[in-house]
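Before I ask anything, let me first share the structure, which is written out below as structure tokens.
In this document, chain identifiers A, B, C and D correspond to the written order of the chains, with residue numbering beginning at 1 in each.
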């Protein structure tokens, strides 16, 4: 019973079926196939606007390649200190941007506040050759803390971006979970709030390996094809990546899968909160729970066969629990029951 | 009936079955799974030596990341002017090496000759700060012209590499086809001939998207894990890439598939050579045929529904025909018969 | 009367004379001349150890090129948030390291504390491919706040560097001012305290354009020559850069010039501190004063013809005053008298 | 008596005087001084057009930074196989462009022909993501072989550049020698012939260390200031670099110095050509002579105290002789007399 990450899960059946179905005879390579074209069309419908869409196979490449279209090599990209692009990509944004600088802006709950972003940009010394130049802001939706920006919060940052003539990127590795939680339209959450480009994730939510970079401003996409190829991220048998996305977007499967993951997280946190001494670090607004439990309960859960991560840099007993499209309700119930039993033993 | 490339084919049944089989419950991500470990073990057996192996999903990333471990940013990498790394990767080696220079060395049939390599290295001004410094040689096996280096030819270049203290890389996007053609052991073709690192391809030969970088000198591999992650090429659900490779290496599937592709190429060229006016550009030693046909035959074949590429930079009527694991014998026969019928019509 | 920066000053007479003297007939280019060799010899004497020394013409290139020898492109360099390499070089370290990340560690008075450095390195997740890897620490001596690390403070950080197997770089754009202030030997301040490489500045202290990168561990210097040339920082008529350094080191001119600058700063701050309402931001341990004065005094000084910078990000009335080898005692006195007169007018 | 290179010479007296004159009191740093402004003004006059001009201190940085404004990181820059940017800059263009590819186009006498350039661009597969994209052409004027492009030859290439929408760069390390030889206006030789940006050299022609990048299309210059700073090439005491250029352009000193160097080369080659067995490799159209002499004469000249380089990759006895602004007529005469005496001895 694995609550380590949503990437320990396998492939959703609908997506696996789509891969199999795509395996029929010869098809043009490198994205010239009909399935890839259909994915772009589906995204234009989902976002209620014509978009340019580029499938890739990892979230790191989606983010770093997207950012590389937004900044010169001497640019600054503003993000949260705990952002995936800052902490967990081993310097990928620096590689793909040719050395741009990621500038941290602190914020509660893994989110940037419009005020802090405005301060940072006001003090960025734009135009002065001694300093890296403001180029982009990157938000993570849902955030690294399992929280979600409201559309209004995004729009406030989008406003600042426009004012300072910088671009707005959204790392949507868990975009589905955020949209499912907030119950807003994808358009409201993105370009209507000022987002220029979105890394739209599918891998964590049921795909084998599929993400798609969505440009709402098609002019920004002009160099993307070259950048993707040059990075070795243009998949030759693209139809099999696109087939995953095609199934992901068909009949709102992406939202169905995310709603399940979110519901499992809500059930899980609901069952844990009543435990005496429990401390919830952040509101649960997607499929991640950051929670502090008594140490003996943490140990007991592990002994009972539950897998999860201790959270680095936090107080002892702080763990992260991640649910996914594949999380079984019975495993969640078992987790809650085991935790509660351990409480009684301890008390 | 598509002879455009081996990447227009789909997935071999054994490989698709392995992907499905891997889709069972939770499994550690980022390559910490048992399937990935088994792939490395299989490669150590295939090459009769302990190797370090890193799965990736494209040949371009395999090549460029491998080269990035062999050269400083001010290094020179020697290769054929038509090498994939030189011509077809939109500058990926330059990106991943931080700006190293690819230096072309001309050679017949898409192959480097030991003499020309020795000349280039003798004149490379090693140690002089004004010039990029010799760092690596890269061979393509099978070559871009569909020819294969013999083990002796590789060893002669390996000798020069050792003498000049540069590393030897082999781009083996079609390694299986070369090994199948030459009937040598993988060990003889690689480290026993001086190869330090191999990009071992599977995608063109039946995988969905799977290549593996094989280091024979494990010390060279030390930085690879970081470089792969930083490039966004560490797949989170790695088990599904490794499962492809696992099936590819089981029971020598890789050779079985390549032998079929090679046999189809031999049958095809055998049926075309007798046509009057035909000119074969290179010996067929893998699964690619570069051939010049009368223009009306080329046009007639296209009209009859056969797909293939005109070869850029060559005389009119020069086309490339590529066979694959999936090429049907009946399609090859149809191609030959159609071509021969067109001859009669023309004459 | 300009107190804006030490780089608004001209060239010290001894250094100008050396340039003229070097302008005699033909001399080998690119550093193969006798003057360049003598500079390296002088530095070996000054540091009581055989060093490898490379003249360049800017502090930014000295720092960024030095750092590029200490880190892989996926490395982390720890420094103060206000460090020149972090704030004032428009991303030069990122360019020359191929995308390494500068990680800020806060500290009072522009200095890193050993404790904070140890914490950062303990939490750096060395060996984990998802994160940039600890590679180097960079100190600024004298710091951006005009303070100086004691040899003991440097040694404590050097100890941590050794323990974590990372390298220690010192940005010594104002190294002369720090050494003059502390009255320690150059050896004590550097390699004896664990410093691996020093950017030794001369430009701010009387040269036309001359800095020298000094490697105490000569093995680290092996790639420097190539990196300098590749950056366009190998000066063809090197003798004229080396001549500046040669004069700078002859008869301890570097210390004589720095002592003058430091003495002027002490006189200046001594004359300003008694003014009511004055607030000194940092102790004055080199040639820079960060001080807050009543706004009308600041305005009055400017009106009287004194040039200096308002300090960005600080409270209104906070200014920076920089003295140099060329600062005239009479100008310092004039500044003090003017300020004091303005006090009386105001009161 | 040194004929190795024009960079073994010192500083022209007028330029040295200008440096001394600039050494008066405080002056704004980083190019905000009046001398730097005057240099740009002078260049606008020389080129009969408003230009944007950026002083730097090396030819390599001038070239590589200029090119970095003309190409994306996945771009191709076309140049002669012997171009300085291709052979002698240790990969600087690759560094500053973020990995663009230099594509060699062979041509007689160190010059590109319009026909060969057109062929290369016609076959560049613009728009195809698999290939680096045509971005710029770079000419060297005077060329690495001591020849000069006529304005007509440049214009023919400029026409092709415009047609293919790529930019045209001129490496003018010896621009003065070419202009002096051809007796055309600087405007005719550059922007009127389609040149977008010029690396205008002074160092080889009498400066201490000064080159200036001249943009005829000011829009291309927008990012240059950031790129120069980020490369560590923004000199803090800029007035001393600009002072060199100011003197260089005053009263056409640049042409006066170049005419002397060219005249010395003409006298030298005129005195050597009559020697039996002599072979002149290229017409002498600047200040470089590539000549093959009998081996015993080469040896005898060296024995008599003349310094020069054997030319790598050429037949034995092939040497390069370079004259400069500082070459003394008596040294040229001595060279000729010695060579002729050696002939008599030999015969």
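A few points about this structure:
Keep this in mind: contacts are C-beta pairs under 8 Å (C-beta built on N, C-alpha and C of every residue); 3 or more make two chains touch, one makes a residue touch a chain.
Because the structure is predicted, anything quoted here is derived from the model rather than measured.
With respect to chain A, maximal separation of chain centres occurs for D (centres as means of Cα atoms).
Among the pairs A-B and B-D, the greater number of C-beta contacts is found at A-B. Averaging Cα coordinates per chain places chain A and chain B 34 Å apart.
The mean-CA centres of chain B and chain C are about 51 angstrom from one another, to the nearest whole unit. Per-chain Cα centroids separate chain B from chain D by 42 Å.
Multi-chain contact residues of chain C (touching two or more other chains): 30, 73-74, 89-91, 95, 98-99, 129-130, 226, 229-230, 234.
Residue ranges of chain C in contact with chain D, taken from their complex: 2, 4-5, 7-11, 16, 19-20, 22-30, 56-65, 89-92, 95-96, 203-204, 208-209, 226, 229-237, 240-241, 307, 326. On chain C, the positions that touch chain B within their shared complex are 30, 72-74, 98-99, 129-130, 133, 223, 225-230, 234. Interface residues of chain B facing chain D in the complex, by the touch rule stated above, are 73-74, 87-91, 94-95, 98-102, 104, 123, 125, 129-132, 312-313.
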